[in-house]
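You will see two complexes here that share subunit A, one where it goes with subunit B and one where it goes with subunit C.
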Partner chain A sequence: MSTTEEESDGALRSILPPKQVDWFINVCDHYGWALLLVGALVGASFPVLGLEGGYYMTVLTEMYLFAILALSWDIVGGQTGYPSFGNMAFFGIGAYATAILTKDFALAFPTAFLLAGLLAVSFAGLIGIIVLRLRGHYFAIATLGVLLVAQQVSRILDITGGSSGKILLETPTAETFYYLFLGLLVVEIGLVYYISGTRFGFVLNAIRDDEEKATAMGFNTTYYKTAAWMLAGLFTGFAGAAYSLFNTFIDPQTAYNGAWNVELIAMALLGGSGTVAGPVLGAFGLHTIIELVETYAVGWQLVLLGGAVIVTVIGFPNGVVGTLSEYASQMDYYKHGGMAATDTDDGAEVSADE
Partner chain B sequence: MAATQFVVNGLLVGALFAAVAVGFALIWGVVDIINLAHGEMVMLGGYTSYWVLKLGTGTAESSVLLFLASIPVAIGLLFVVGYLLQRTLVSRVIGTDVFLTLLVTFGASIAIQQLAIRAWTANPRSIQVRFAEQSMALGGIVVPKMKLIAFAGALALTVAMYVFLQKTRTGRAIRAVSQNPEAAALVGIDVEHTRAVTFGVSSAIAGGIGAFIAVILNIQPQMGLIYTLKSFIIVVFGGVGSIPGALIGGLLLGSVEELVSGFISSQWTLAVSFSLLIVLLVVKPKGLFGEGAEQ
Partner chain C sequence: MSKATSSPATDASGDRAVLRTDGVTKRFGGLTAVDDVDIEIHRGEIVGLIGPNGAGKSTLFNCITGTLTPDEGRVYLQGEDVTDWPEHKIARAGLGRMFQETRIFGDMTVRKNLLLAAQEGGADVSSLMRRPDSSLLARTDELLDYVDLGGLAETRAGRMSFGQQKLLEFAMELMSEPEILLMDEPAGGINPSMLGNLIEYIRNANEEQESTIFLIEHNMDFVMDIADRIYVLAHGERIANGTPEEIQNDQRVLDAYLGRE
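Our next item is the complex of A and B:
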């Protein structure tokens, strides 16, 4: 394994020198806020430049949606090391909340949207207190269980429309949703980017690397975990809140979509979990592929999703961003006589072991 | 009286859950992997038996003996599927992050499920087994004959696996790998092969149970996840690595579900069993019979 890797590394190194990758990553790090601003402006300019409501606008809006979901998952799954299989529960609660509030209680969309986010956060807090006490297998399956129970409950209740769901006809324009999802995404990226440089973010990473040591250092890990979990719940809930009206229809299968949950994990992982840019890039990339498959080979997208997950996990579990930065840091080996490279290797092993 | 009837129904179905969970627990204990594609093995086993009968006799109705004859086919085929699943996919992520192992088996689960939908459509199917009299009454309690046969079959498979693990050479190798893979390798056990056999045995039992489920309930491509989750509940309840624990857990889960569906509504069974699971995880994370499951 190592010989072939080195050979292909040699060829790769002449085309794409690690030094330049390193430089590129440094620039991205350094001008993070500027890049975010440019990205937001480019995104916001599309409708102004003539993108009209229709297929392409829907696809772009969905891309933003998935980026929000993947990044939210990553706050807890990648940064804190609690991979959840039940994030879509918050999405479903948000989605049903706006659907019910606008249709049955005749509230205006903005009010319903805010209330839905609030509801999702409260639910996240409540569930988090229980499930965040678990780790590993137990945490993953417990969250999956929460998702399935939430789905089942929405199938039984009358107010959610049972298994036939709810049709929502009075909805804002496609452009409103485009800007809403884009805005949410930009705010979330900004927030996660900011957090990743603060003490709060470092504690989250410490919990991922070794929760017992983090506790021993005097951090109230339960508080940090729950806070991160609720933050993820907030954005996932908001995304769901906007989605039900955007989609004009909601039923238990769409609201609490288990396949989507795997999809957003795959996106975060493919892009590079534990980074800020990774989940977003992964969401853009994988959604484009899935959209293409949906167009040219209807019905095969979930088969592809399963395959993509397997290939990502086995092939490069660090994702695009993770693999690139690892590749770039190979330069450090020559700079510091081997020490830095050993250090990063250790770091990678620690995170892979737990 | 109604309660007794529900409990009897629950015990009959619970033995099937238990047998599926025993295989799930085996993989968890030996390879330290939660196989999220375990339910798909039940599904594939059901379809194998269905297609053997359908293609062999031209109809999905059959006599008891003919149906029972189709079960070894399901067991054999699923052994191969499980063996290959471990050899090609799972072996590549053993020893890495727990989350990655979950994701690989989840990916496999989705791919198998979706391919099954492509191949056989999402419509539920079932095998009809005809008797002169479908059920018999024992002291006022109605017992469908087929459920009784399935109950016996599930117990037989569970006991067979227990004996296999305790008495045979391969079984001892599996237990050795479970205790300490490195030491097992030192005494000449092919660890990779043993792990794959573990997967194979586990899947084979799930496949055999799938055939029974095709008769007493029905089968459809997306049924798998529920069985995986039920297995998880049962294993957590009984404790990881405990076959008697899983057996009792399965019988208990079956009874609870039948009681809930009898007295409240069948729609609430999943919600109730999962709430029980979460309470159990928080109160007694090692299970009622477990020795040392880490939290």
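Our next item is the complex of A and C:
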């Protein structure tokens, strides 16, 4: 490491020693399941402790919702390296499915909810096989196209209520939705956390880092990409399925909200895409900022939101979680003898194998 | 590696070659990059592929691995016709490849790179959904120690030096134990002492595990030293085949390298 870098890092190192950050990250890694359980219990205890339906419960529920969306986006966008601008298409399909099934077909909400998830996954599978053959910008544009087409279709059809949408009055209680979104989020975090430690998770990361090499190693990348995409579709679809009734209203603009799609990407990137905690923390953080601004600085939302994005991108280019873990492990390479391979070349290792 | 004797005898001619190409031809527009090339590599051999720049060496590799589909001719891997197979399927069937520009997964830890290379349990999503077991983990440690990268298991692979990345890529191939390993310029761009190590590793793998290796190389000392046999390509055509001594004394080869037709 050069001296100039050391000097500029010096101040930060004394305030926030990499060792402690490293220790903290290791603890989080090691006790991941325990942390998730604690988080779930804390979240579940709020209504028991007296949180009632109203502003704060809605805000928390929305935080869980965005965390689900950001984490789903990140399965494909962050872990696999395929940034999608069309994730909200799954959301819209889920949302309309429950709206139509409960209102027009008088199905019970749980049945409609499950069917909506199934529908979103099937749609994801179908679309995935086509758009996942594209890469980079082409993929991003194609997914945006999917979102716009889905939105337009919902405007045209009668069953979706056209552009005026559907009003849904018979809905479960606010508390039900609170627990539903929390439960979905906990299950999804658990699943993504588990996958990130399996070779399936490694394949997704490998596709992100070098897809051609992954293919040369015997991985049919389209197959894994489609699987990841369908998983993202499932949770995004479920989130939409619950959202339409939670919101008591659904129209093409809300269901296929392009602005939300950008927002959830920002959440994943700010928190740290390609990590498990990053998108969730990003969603919590950004949504809190948005709520605060909407309460105390009406009219300045977008300005402050933009500011937050700029500061994070400059200060934490890999997202908060990603940058911290990079910072913590910076010295690892040198500690373990980065020069090992050249220093010991004619040492014992080689001759021992002969 | 033990599959050698039990491989399906689909080839009536009693083909014992690990890899065989039969008149492989690849054209790009009016240019014939690879012209009617026959190659045969047997188990346990180290075979070199040399030729001036633009001779078609990498194109031939790409035709073998399935990255490109030959316009004419067939490619047989262990007697099985794999010409029209997709690249990933050929790789699964036992063909390993190291690229010219070292390619590892830079944002993943060294250990994850290795775990990914292991072929155990197939490639289904369901079978990959299990956490890597302790025997796999033990093997990653063993291999890392072997190539002098011990202690770097949890380091981000992209942070290592170029030479170390090359060693990692080689360790990944040892992990997957391919039937045949195609190496595109393994000696390119690494320092002499590390090159010494790499030669040692390649020799060991070849002698102890009967690994079969087919390599493109520009470093003549290296390739003459390590190869049992050498093929020479020029203008897409195979102009010579023989032991290093024979190749060094072949007039056509000398002419090709000196630019005489």
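Here is the rule we go by: the second predicted complex is superposed on the first by the 306 of 354 C-alpha atoms of A that agree within 3 Å, B and C clash if a C-alpha of one lies under 4 Å from a C-alpha of the other, contacts with A are read in each partner's own complex, and residues count from 1 in each chain.
One rule holds for everything that comes next: contacts are C-beta pairs under 8 Å (C-beta built on N, C-alpha and C of every residue); 3 or more make two chains touch, one makes a residue touch a chain.
Because the structure is predicted, anything quoted here is derived from the model rather than measured.
Colleague: On the A-aligned overlay, A:G274 touches which partner chain: subunit B = first, subunit C = second, or both, or neither?
Modeller: The answer is second: A:G274 touches subunit C but not subunit B.
Colleague: After lining up the shared chain so the two structures overlap, which partner does A:Y223 touch, if you call subunit B first and subunit C second: first, second, both or neither?
Modeller: Touch partner of A:Y223: subunit C, not subunit B.
Colleague: Should A:W23 be classified as contacting the first partner (subunit B), the second (subunit C), both, or neither?
Modeller: It touches nothing on subunit B or subunit C.
Colleague: Looking at A:I195, would you say it contacts subunit B, subunit C, both, or neither? Reply first, second, both or neither.
Modeller: Only subunit C is touched by A:I195; subunit B is not.
Colleague: Output check: A:Y31 vs subunit B and subunit C. Expected answer is one of first, second, both, neither. What do you get?
Modeller: Neither partner.
Colleague: Looking at A:A142 after the superposition, I want to know if it touches subunit B, subunit C, both of them or none. Which is it: first, second, both, neither?
Modeller: first
Colleague: With the two structures laid over each other on chain A, which partner does A:A206 touch: subunit B (first), subunit C (second), both, or neither?
Modeller: A:A206 sits against subunit C, while subunit B stays out of touch.
Colleague: Output check: A:T215 vs subunit B and subunit C. Expected answer is one of first, second, both, neither. What do you get?
Modeller: A:T215 sits against subunit C, while subunit B stays out of touch.
Colleague: Show me the subunit A residues, by the header's touch rule, that subunit B contacts in one structure and subunit C contacts in the other.
Modeller: 353-354
Colleague: Considering the complex alone, what residue numbers of subunit A touch subunit B?
Modeller: Where subunit A meets subunit B, its residues are 77, 83, 85, 130-131, 133-138, 140-142, 144-146, 148-149, 152-153, 155-156, 258-259, 262, 265-266, 269, 299-300, 302-303, 305-310, 313-314, 317, 351-354.
Colleague: Can you tell me which positions in subunit B touch subunit A when the two form their complex?
Modeller: 28, 34, 89, 92-93, 96-100, 102-104, 106-115, 118, 225, 229, 232, 236, 265, 267-268, 270-271, 274-275, 277-278, 281-282, 285, 294-295
Colleague: Which bits of subunit A are touching subunit C when the two form their complex?
Modeller: Checking each residue of subunit A against subunit C gives 195, 197-200, 202-203, 205-206, 208-210, 212-221, 223-224, 227, 274, 326, 329, 332-333, 336-338, 340-342, 344-346, 349-350, 353-354.
Colleague: Show me the residue ranges of subunit C that touch subunit A in the complex, using the header's touch definition.
Modeller: So the residues of subunit C touching subunit A come out as 65, 67, 86-89, 91-92, 97, 99, 103-108, 112, 115-119, 123, 125, 128-132, 145-152, 154-156, 159-161, 163-164, 167, 172, 176, 191, 193-194, 196-197, 200, 204.
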